[in-house]
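So that you can tell them apart, the chains are marked A, B, C and D in the order they are listed, and the count of residues begins at 1 in each.
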Amino acid sequence: MNHGEGRDRFATQRLETLIDGIFAIAMTLLVFNIKLPERAEIAGGAELAAALAALVPHFSAFVQSFLLLGLFWFVSHRQMRAIRHADARFVWITLLWLMAVVLVPFSTSLNGEFGRYWEGAAFFHGNLLIIGLLSFSIWQYADRKALIHESLSAAAIRAGKRRGLLFPLVALLALAVAPWSPGWSNLFYLLIPAALPLLGRNDGAR
Amino acid sequence: MNHGEGRDRFATQRLETLIDGIFAIAMTLLVFNIKLPERAEIAGGAELAAALAALVPHFSAFVQSFLLLGLFWFVSHRQMRAIRHADARFVWITLLWLMAVVLVPFSTSLNGEFGRYWEGAAFFHGNLLIIGLLSFSIWQYADRKALIHESLSAAAIRAGKRRGLLFPLVALLALAVAPWSPGWSNLFYLLIPAALPLLGRNDGAR
Amino acid sequence: MNHGEGRDRFATQRLETLIDGIFAIAMTLLVFNIKLPERAEIAGGAELAAALAALVPHFSAFVQSFLLLGLFWFVSHRQMRAIRHADARFVWITLLWLMAVVLVPFSTSLNGEFGRYWEGAAFFHGNLLIIGLLSFSIWQYADRKALIHESLSAAAIRAGKRRGLLFPLVALLALAVAPWSPGWSNLFYLLIPAALPLLGRNDGAR
Amino acid sequence: MNHGEGRDRFATQRLETLIDGIFAIAMTLLVFNIKLPERAEIAGGAELAAALAALVPHFSAFVQSFLLLGLFWFVSHRQMRAIRHADARFVWITLLWLMAVVLVPFSTSLNGEFGRYWEGAAFFHGNLLIIGLLSFSIWQYADRKALIHESLSAAAIRAGKRRGLLFPLVALLALAVAPWSPGWSNLFYLLIPAALPLLGRNDGAR
């Protein structure tokens, strides 16, 4: 099928299947951080309601991480459809990025369980910072090696880089604030939907 | 590949891969709510049979949720093949819908373990209500933004909306009955296969 | 894309993605039935080797179920590529079949842990019997509703049915023998690779 | 779709979907070997940092196995795109290979938890050896049965075999050294990125 592509060129199709599979699993496994109350501790409906209320921090950690993973998936989706073909190094940078993505269920549960200590929150933000930097590197590398479709204008590629820097910057900000206020540091991610339109969303295909 | 689609248009293919992956995982993980009997508690075949019989509520919660997830998947399958292309907001509504789908293994185990308290049953029905409302919103949004294939008649689109309202209505009914009879409230979902044919299944492609 | 197929016709592509996803997960989750030895119980290499040797029944249950799931996947693969298009009932029979497939990791762990009691082995064989019967029903239904490619000869379709009956028969045999010898009943599945060539594997495309 | 392929010829597309799904799951499940610290044992941030530091062996086992699985996936990706079509035996060798791949999360956790005993490290290396040998067999079989695209030169096929032998050799070396130094035996895998370019990476499409 893709055989005619030449020695070091790969269609991105199977890489996309792997990405979609890993995101589907990581996003679904997030729910396992919400532990069912123990049967022995629940003697009635009111106790069940109280036990569910006590799970609220885990629910909000779930929502936060699901939406962030959804955002990463969407950004990757936009990147990949702009890629003409991949080379071996492109595949490996993407695999490193996936390795950081796969850690999100762990760092989410750490943040949900120990988010009141800055070490827990910092691990989470550090995880997201690495994801953001690797996502930026994928785009940067694709540009440098001319793996992007010619029809994408230089301005659109630059806008993609600007937007790609937003995420690591926000994670860095959250990381810096975590020692002072680990809980509030999570709110910085709300900056992303607010800031994205200002960074030229509409002047590029990415 | 899909690059020529324009700035804010996306082929739904990768979104469908993500949906299929998430449903495959959520449907498979349902089985983990059926816990293997503890080795120490089983001294013979009769005890094993008794332990398996004690799992019947968990088996029926598994069957119920598997079939409901199968129904959601099928409805989404029909919706997606009627979609010409997606835009960014369409993707995000779908991601919100998937976030509610991903919660089903948790709310199923809650319903299986604590379904005799209305709070447990209500959490389950509430989860399904949100899924139904978001599924309806996807179709509604696609209609409003003209993302649906032109070949689909206005009558077929309306029939799709009618059918799309059936599910939230049933979940709402189950939610309302849960305080009186949490166990029986689950039976309302049997209305769906009975009512669907009456809502014009055959006059539209959805 | 598939929109032009008409009201009640579906391309099998997304169904195949769901099938592949569910099999990939069920086959991978089988490994979770092999529990890591507890750290506190291992004081040296010899104890680790003994703990691994004690896991042999779980390893062989894993190998057995992985190969059986591989066989089901392969049979389904052959069936699906002979299907011209699906209808709604075809999708639902397939979903029921997947529901039985999803139970395999549970019934495997039951067989691995309690296979010395016939109740444990019988649950496993019963699970496989249902999978086999539903797989046969899928082919039977597709034939009755003329969903199979015209290029497949009537002889090839009949050969497919003959082979499709082999599996339920073997599971039934294992089920019947389980009360006498639960452990040995698992060996009946070795009949399948021996018998398949005799049933006309080479006279049909299935 | 693929129906016109003839009795015993299969397009590799669905096999690739199964492979991608199994790798996506195995790679994601690796993270479950990194266990969250117990809440009861963490009374402050410093204790959390110490607990995370104690997880370093599990993190490095995770990184090692993720990259090795990434390498297997990539090698398989290159192999599969050179395959014109598969036959039944090709599918079964691939399923055996996937059975060994699926064991990696287990053998990784064994190596992370009991890697200081050579029995634990040897199990891990033995698992990788089997994966490498089966991966080599897939290529060997495809060559023998002329399943490879004609456009691939004999030299490129031979280079693929040379590279395919590298991995089992390294695993064998690690296995041989494990009794003397189980911990250091893991470092042999670093030979792979060093040696691959010397084996004619650039003279073949594989």
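Keep this in mind: a contact is a pair of C-beta atoms (placed from the backbone, for glycine too) under 8 Å apart; a residue touches a chain by one contact, two chains touch by 3 or more.
Keep in mind it's a predicted model, so treat the numbers as computed, not measured.
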Could you report, rounded to a multiple of 5°, the rotation needed to superpose chain C's C-alpha atoms on chain D? 90
Using C-alpha centres only, name the chain that sits farthest from chain A. C
Centroid distance [mean C-alpha coordinates] between chain B and chain A, Å: 25
Among all residues of chain A, those touching at least two other chains are 17, 20-21, 24-25, 29
Chain C residues touching chain B in their complex are 1-8, 10-11, 14, 17-18, 20-22, 24-26, 29, 88, 91-92, 95, 98-99, 102-103, 105-106, 109-110, 113-114, 117-120, 123
Going by the contact rule at the top, pick out the chain A residues touching chain B in the complex. 16-17, 20-21, 23-25, 27-31, 34, 36-37, 39, 42, 44-46, 48-49, 52, 63, 66-67, 70, 73-74, 77, 80-82, 149, 151-152, 202, 204-205
